[in-house]
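What follows is a group of structures, each given as structure tokens.
In the two complexes below, chain A is the common chain; its partner is chain B in one and chain C in the other.
So, the complex of A and B:
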């Protein structure tokens, strides 16, 4: 079975994001970028499927600037077989991402699409769902366990108040949650070997998708700064403040 | 083969992340237990760290000297005891074999060395032969198609884990000094070879050094590295490379200490201000940063010269002299900036202060480096 894994290049999760002074977006100049952690989990799951013999080929797909090749290389170093980069400097919106992925999937015909449930930059949590709808494929989101057997896949989902288990016919779209697995460190020899694995570079126009988008960002602001607390002398004062100032009693 | 920038950056980034996420959190535990846990060693093996300098044909990464130094700087950002786990396989334990081994010797040993299945050790120092390394007394007597080794080696890093020793022994007792010394590949399981208990040391707990005793150890003649009498040449070339590697670790530890000291100085308040706002503290930060930058520049320049095929005996000695003394001063200032907290074990600064002391001693003391630098400079006429 061929597994297709979309991967996104995002601001590194350890970097403190700063808003641009003109409030048009997050400042990405000279900021460390990495693979979205949820995408990393999806890649890891695909590699484990390949190691178990369930999958025989893993294709990593990224949509983004030329540097997104590095993100694909990371997936190749972890164990993906080849990559497709749809190169664009536009910040592509979820619906257009889904349309582009649909076009790639129609060419590649994978048995399973494994992807992160969301990217940590926009936190949209939309592409997986949109993609399944466009393809008219079954979907299982927020997976914490994925077991493929024959022509079906059993997915355990983390839902409010417990776990839900779904069985889907393949092909299907599955989105990975945090606890699906702990991604491996790509070994140094594999990082070197990844250089020799092929990456196809395409443009959105090759798939006939217009990436202009429909949404307009009006303003991006920093979260409100936390102000310093106050010290109270005794319990009576605390209760008084909770009543009068905090209004919780 | 030099890597392209993108692959090199990914390699460095992978090591940096491993060091930050897996090694740094257990520094204190490793020092306390005097042991790097087996599962962490296994992770280092999986990552491919044991094969950094082993040619790709034998399963290693075949990094250039400059690339190896960049990786060693990253490994320097945590307790040097971790680096020591792989240090002998990357450096002194394997490089004699890489540089002087026959194809048969390489094919037999290097794949295991690159994967980390075989830990290697370099046995030169003896009770009576430290800085005067050409005076080794361990004997290798030819007996048909074997050499019989007798003698004792001292302070041998990783000896208690080694599957293969590169041993310097005297094949010709009539030739005093370097000319009578040959190098041998000695498997750790040969009868007559025994390893003493790990020494108690000032720092770098988790890394071990032991005596190695040879009592009638019969080593096949095919295990000789290079020709008879070439042992010292092997040792010196191995040490040139090793000195640059150690210097890189010194730079890494220095950068770590500066970072820790700056973080502390920016938080800690005295007289109503952060320590970092006091000029006397700033002077220490400036001196440490300047010296660390200078050492790094010298290191990378020397490594590039070696990669270009130049003989770097002078540069390697000068780099190790400067980098090891530099990290000693940086560690001392870090303790000073931390003040009482620098002397208390909880912050780990005093531990690194002790850890770096050895860099001025092993693989050639600072005084030996001075002699090498002076000798080579005079030889070159300036």
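So, the complex of A and C:
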């Protein structure tokens, strides 16, 4: 089975995003960029499937600027076989990302799409669900366990209040939650090998998708800051303050 | 212009994120309908009909809807979509699962987790784990929006909307429900609780977490939360996690015990009305957002807090 894994280049999860003074967005100049952590989890799951013999080929797809090649290389170093970069400097919205991925999938015909539940920049949590809708495939989001057997996949999902397990017919879209696995670090030999793996570079127009989008960002602002309050000496003072001053007890 | 709100419920009762989403919907339009999609939801529909300002309640029922399978909910909603200019959905795990699927079928851009309605086509939503707020204007004639319920006040009671059955749709032919593992608890639900007591990695073990955090929560009538570090370490179950990748809460009182205050965690609780932090590290970032900070080891501070609460009549 071929597994397709979309990966996104985003601000590194350890870097604090700072809003630009002109309110046009978040300042990404000279900021460390990495693979979105949820995408990493999806790549790891695909590689484990390949190691178990469930998957035979892993294709990593990214949509973004020329530097997104590095993100694909990271996936290749983790164990993906080849990459497709749909190169664009536009900040493509989830609906158009889903349309581009659908076009790639129609060419590649994977048995399973494994992807992160959301990217940590836009926090939309939408592409996987939208891709499944456009393909008319079943979906299982927020996966904490994925088991492929034959023509079906059993997915345990993190839902409100606990877990839900679903069985989907393949092909399907599964989105990874935080606890699906712990992604590996690529070894040096694998990083070297990844440099020789092929990456196809395409443009959105190659797939006939207009990436203009439907949403206009009017401004990006800092959230209201909370200021530190007071330090109390002991529990009794804390309870007294909560009762009389804050009025929450 | 009419708005459809899709109710959040567990087939037995309505979750108050629904009432909060109705408030957001009223900022868009005076004509707000509520869809209850589930199985055996008569009681839920009756509750929804009482929400102030709701025009009518639509009920769709099937087994797949009872399990909130995304494909089934989408199939039930699509035939109704023509009657509405916007579909608003609480941004719960369930709502986030099906909202984008509905949007894609309607060829519109979903707008995720709004915290403010600026105008009927302009919304504010957090991005970058709440480190920035984005104001977006949608050019779509029909909008699909998920609503961060904690940012809106619940609509009141007093309505008496008509309840109407609608077609359940084609279900989810390619998806089968296998099992549920829902944690039963007598405590209030984390996302809706007025008081939340959360424990962090300082607890050191699951036993210690239960021994320290749970009695304090019960004394305060609070829900129990945890930091991601505590969940990752196995001290608390996944669905206790408060933070960017867990639940976003905004209770009247949030008590953080042994939590350092990583950005990830702050994103999930910084909108709480009053924040209390107990941590032995005076430099912990949690103190920068806490209204009341107590620099102390939780091992001594929590028992003292229990005693002080008892003395204060709790």
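By our rule, the second predicted complex is superposed on the first by the 232 of 249 C-alpha atoms of A that agree within 3 Å, B and C clash if a C-alpha of one lies under 4 Å from a C-alpha of the other, contacts with A are read in each partner's own complex, and residues count from 1 in each chain.
By our rule, a residue touches a chain if its C-beta (ideal position, glycine included) is under 8 Å from a C-beta of that chain, and two chains touch if they have at least 3 such contacts.
Note that the structure is predicted; figures quoted are calculated from it, not measured.
**Q** On chain A, do chain B and chain C fit together or clash when superposed?
**A** Aligned through their shared chain, the two binders fit side by side on chain A.
**Q** Regarding the shared-chain residue A:77, is it in contact with chain B (first), chain C (second), both, or neither?
**A** Only chain B; A:77 stays clear of chain C.
**Q** Touching A:196, do we find chain B (first), chain C (second), both, or neither?
**A** Neither partner.
**Q** Please work out whether A:185 is in contact with chain B alone, chain C alone, both, or neither, and reply first, second, both or neither.
**A** first
**Q** Under the stated touch criterion, name the partner, chain B or chain C, that contacts more residues in chain A.
**A** Tallying touched residues of chain A, the top partner is C.
**Q** Considering only the touch criterion stated at the top, classify A:249 as touching first (chain B), second (chain C), both, or neither.
**A** Second partner only, chain C.
**Q** With both structures superposed on the shared chain, find the angle between the C-alpha centres of chain B and chain C as seen from the C-alpha centre of chain A, to the nearest 10 degrees.
**A** 120
**Q** When the two structures are overlaid on chain A, which partner does A:120 contact: first (chain B), second (chain C), both, or neither?
**A** Touch status of A:120: second partner only.
**Q** Nearest approach of chain B to chain C by C-alpha atoms in the superposition, in Å, rounded to an integer.
**A** 9
**Q** In the superposed arrangement, what residues of chain A touch both chain B and chain C?
**A** Correct list for chain A: none, the interfaces share no residue.
**Q** Quick one: in the complex, what on chain B touches chain A?
**A** 3-4, 6-7, 10-11, 14-15, 17-18, 43, 46-49, 51-52, 59, 61
**Q** What part of chain A is in contact with chain B in the complex they form?
**A** So the residues of chain A touching chain B come out as 69-70, 73-74, 77, 185-192, 194-195.
**Q** If you look only at chain A, which of its residues touch chain C in the complex?
**A** Touching chain C from chain A are residues 11, 16-19, 26, 93-95, 98, 120-134, 137-142, 144, 154, 158-169, 172, 177-179, 213-223, 226, 228-236, 238-243, 246, 248-249.
**Q** Once bound in the complex, which stretches of chain C touch chain A?
**A** Interface residues on the chain C side: 10, 67, 69-71, 74, 92-94, 96-105, 107-113, 122, 126-140, 172, 174-183, 189, 191, 195, 220, 228, 232, 237-239, 244-245, 252-253, 263, 270, 273-276, 287-296, 301, 304-305, 307-309, 311-312, 314.
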